[in-house]
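The first chain written gets the first letter, and so on, giving A, B, C and D; residue counts start at 1 in each chain.
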């Protein structure tokens, strides 16, 4: 029995080791191909660029943890971006504008959460619908035109450009949010509730957890985080753009799922590594002026490799038990 | 995020020397052979007009819409529909096909992608609907009039500005916009100039994918990292102004205040940015208002039984930073962005040569 | 008899009524653009390409999986066809080659999902990344115009037979085949069985992995066919066409799931969904509504449809004996 | 021709962490009903999963009619004439009965695109049904059917194929007494048609009722293969074989004196269509028992008592104060805990570790002011609980889903103990739990009742009578009988559970 226990644990560690090896291999390949890749500046750059996807993906992690999917966050983040830009154009203080944007994101999350958690509508369909509405509503501020009035003078761009002890503000925001999320999801009482619901909703209910409320909260967090991500994009681009969040969907899901595969549950650290992994590849390729389609191709292939690598197990070196494992999974 | 200009032109070397509209009243300048059969006359105010815009999302799209609305009002046209395709040629094709069935008297088109919507525009022409193409030529479609500008030349001019400023020597980066054939021509024009300057080295080059995960801002951040020292990178040529805006932000954030930029588009926002950033040395001012207003004017004339030109190549204006900085906003203008209204170049003393 | 009459009043028939209602509203607003055979046919023609494209996705949704790859497989197929034609192939050969490559993407998805147990969401994100990268690589990100595609494709996408667009007839034929497969063959039976209870299907000895693999491959097949048709319609390969189909595609399938089978995606429903979307695109254009209006309207219809199904299902189930959180 | 229809020799099946089958042997004669017995985790289900192709064996051989066969998938097993009715029969809810019966064998063609005709299937199903004296509506979608009807559909599905060997894995655990008899009739009929049946159960009385032979498993090994003489099964001997040691006593002693404070009271509870006029008082120091057949409404009663289901009317009184339960969270806060009837779906979170499960319902006890979980504290609590309940596990980090049924149930109970409730409701506390673990659970319940009100709600008559101090019987949602346990007999309880108009109502 003791021995069996050891074996199991090392299976999980083995996955993490394989992924780390893959991660480092990619890192050092780029470091060798380009002398600037491993520089401090560039690593900060990677972190800064990943902050947008990483923050949105962090919110998505909560929804995936309760075993739902949210396909609205990336569209509702467009609404938040436009709301913020519109308020800035109206001359409001940037902090107020950012808060308003985040609140708006939370509100869209709340709508999705109520639809899914309270009214039990199927998650993928209803969030696509709500997301479409949010995206359409984003056009109301300017008929879809860029909003840039007051942008340079309002100081909103420092949300992206400012540095604190040499570290870009988005990176600090990201790390702070990740720390917070880690404490909440992996260390706190509430995190337990998220995971319990994800693993067995009914049993969580019978354990006295307010299932619906927690599901709604997960969507609210997801909407809010996506909005935060959109704030940073908007600050980086220096204008409000209705499409600012549209490219978030796939990278966010990739990040969460890579993390899920490596750590065997949707986890804060896993999501972070997943996000950094793909961002690092994109950064490496743009440094080398490689066309986007080639880097996209490599990112897609690495996504497969990363998840495949998590399927290898120390114990499955012997083929027989691999089959058994597969069968056991199939039988569940 | 996409601030993207548009248009399509035949190769510039053998571009037909078209009627140059502009100076005062462009309508007087239409000397091109007007081999168009005039339909039954119809007064402007009775027209049923459809406008299919390729996008609305950035300043140029909004300017186009503004022009149509303003000009329609001028002519008393009240029965019109304006839709936009959000950069999606498939959607625009469907919209044009839908318009065909609603049988408008006139159809205006700005192309999200000239190639992608060509078939639908052909159908409109075949269905006997007078089509007026704004901003870009639609290959193969027998439009009544096409009013456009020369992307290739614009690309040449901005690159020339950059190269001159660098003294014919230095390291530059290029940001391309290949998703639309017309926009890609700007890069071809820029490359044409580079052939004459062997000492200009293109050290970084990147194309933007509007549906991808990497924004121009990120790409330029990375370029600055790849070229970390002053002298590693002297200038960035951008295929459109939006990339310049993001690039200036990136340079400012990285403390790289020596890097020069050129773009293409022009307009109110662009000029504001130019004013604030001497490093934004030049852009190709596309005369968007002129193009759209000419389209409307030709349509009205055509419907009135008059002859109109088939292709008009509206000149763009090479706009340098000095021009913006040194030009006060004339009285009665909303802002300097109104430069593209016919007749206004002269007021500013700008020379539409591109 | 009585039962049959009532069928038209059941909630699962509501979307059909909505389609008719929407058509009627637009007809009042713009009679000249709606109230003729020709106009109706134009709407059907326009709906056809989307309909073909998402036909296979219907079953992916039915087995409880998701396919993000179909839009980019379509884009890739359109670019490949254009590339091959430019390389001198005839349209027919080029189309077949492109479709074959499209199917290969489906096979890759199947491999990842069935053999390596990837969640379909992530497997298809990866496959769509590959398909899109290849589509962009082919033309370096630029569309490829094709002016020499020949009469075959032209006839398929534009010709009318007895006043009915051939494209629509083609779509109808494909839908008819799939409808028969869905309703009258074991395959169809297993698709819905897997969607409800995959374990039950496995236990009966059905090779459910094989069925699922077929479903993903069929989805890729129709996506590729749709891509080829789009190449014909737009007379060019379009590398970024995918983004146009992503939301619309799912909206169509999910809207379709609201009809006939009460919350389960089905081909007849998908066709209705595609037609509804076609009417909306067409109608909102001729009344001059902006892009965002159509976005809001589509989203609202979808959420309404889903609510109707869910609420009436819950009503059927009743409140008694339901846990307080359900 | 071999003497045996089926022989399994030296079967080995290893899972990641353990050897579930270790040289297991099994022999089955033609036309016999053969019981497969063993405590939880003995390897019964694994053996039949090997036989039915769900798992691939690591070693050993399978012979059918003396010939070696290789079974690598469910399809292989079906081809070899082996059909299985799993413990929890899997059906397609929206499909009709006949569609479910012929799922996977709609026609003989291999090609999945071959046409199938529902009309034909329906006809075939009607023919099939004619062979058996059963009454099921095959045209209804099965989600509308009752448990026995679903079970019958599953059995018919097995029989629709050429079946020589039928495997029934705990078929009666969700059936009522009456339904059980229907099933047994069916089993006898099949036997008379020459079908060999493997019958897995934890109910030894069923063995004597219908089985001809039995095989007992322990630790993945065959420890005994015995013939069964009808009506003469030595339960004690079998239990001893299964456990490998003597079982002293199943039920602990009853309360010595009557309960004191009334901690929990139900006053005229009603749930439309499920039950009506349910009233009782549960007192500290004793166990109150509610007995009813599956489907009689007892499960719903337990859920209403815990605030997990809305009631139509009635009143709960807790600690002498009326209490309107708004949620399960509210119930736990009020000191009530429910061990729900369906362990896998409602009781445990199989994918999470034991420790996490145990503290889940009362995380307040292990958090600091910031809401962070103190892991050390949590672990030590969990360790204590594991010791207290004698949960057999190598570590508190083990996932609950990987434990055997009895130990899973103990974890669910441990979760309740951790909430420090003073009102415990146990619903079907020993379903699928072997005798050894059962007595452990009963002991825990009795211990609990010393300081708390304990309510046991079960469809196992013996269990209720064995455990409770006072009992009531539910028939079709209504109380038909109430009495002190010591004055009541098993048959009295059973009679009231199957009919409303039995004589004699005794005082509480």
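In this section, a residue touches a chain if its C-beta (ideal position, glycine included) is under 8 Å from a C-beta of that chain, and two chains touch if they have at least 3 such contacts.
Keep in mind it's a predicted model, so treat the numbers as computed, not measured.
Of all chain pairs, the one linked by the most C-beta contacts is A-C. Ranking every chain by how far its Cα centroid lies from the centroid of chain A, the top place goes to D. The distance from the centre of chain C to the centre of chain D, each centre being the mean of the chain's C-alpha atoms, comes to 44 Å. Chain A and chain D, compared by their mean Cα positions, are separated by 42 Å. In whole angstrom, the spacing between the mean C-alpha positions of chain A and chain B is 37. In terms of their C-alpha centroids, the spacing between chain A and chain C amounts to 28 Å. Shown for chain D are the residues in touch with two or more other chains, namely 54, 308, 327-328.
Counting partners per residue, chain C has 136, 140-141, 199, 202, 290-291, 323, 325 as the residues that reach two or more other chains. Those residues of chain B in touch with two or more other chains are numbered 56, 84, 86, 207, 209-211.
Every pair of chains that touch is listed here: A-B, A-C, A-D, B-C, C-D.
Residues of chain D touching chain A in their complex: 13-18, 49, 54-56, 58, 306, 308, 327-329, 331-333, 338, 340, 345-352, 356, 359-364, 367, 370-373, 394-395, 398, 415, 419. The part of chain B that touches chain C in the complex is made up of residues 50, 56, 80-86, 88-91, 93-95, 97-103, 113, 115-119, 139-140, 178-181, 184, 207, 209-211. Residue ranges on chain C touching chain A, taken from their complex, read 66, 68, 112, 116-119, 121-123, 125-130, 132-134, 136-137, 140-141, 199, 202, 247, 250-251, 254, 257, 263, 290-296, 298-300, 302-303, 306-307, 310, 314, 323, 325-326.
By the touch rule above, chain D contacts chain C in their complex via residues 53-54, 73-75, 77-78, 84, 86, 90-95, 99, 103-107, 112-117, 157, 271-274, 300, 303, 307-310, 327-328. Taken together, the chain C residues at the contact with chain D in this complex read 181, 184-187, 189-190, 192-193, 196-197, 199-207, 210-211, 214, 319-325.
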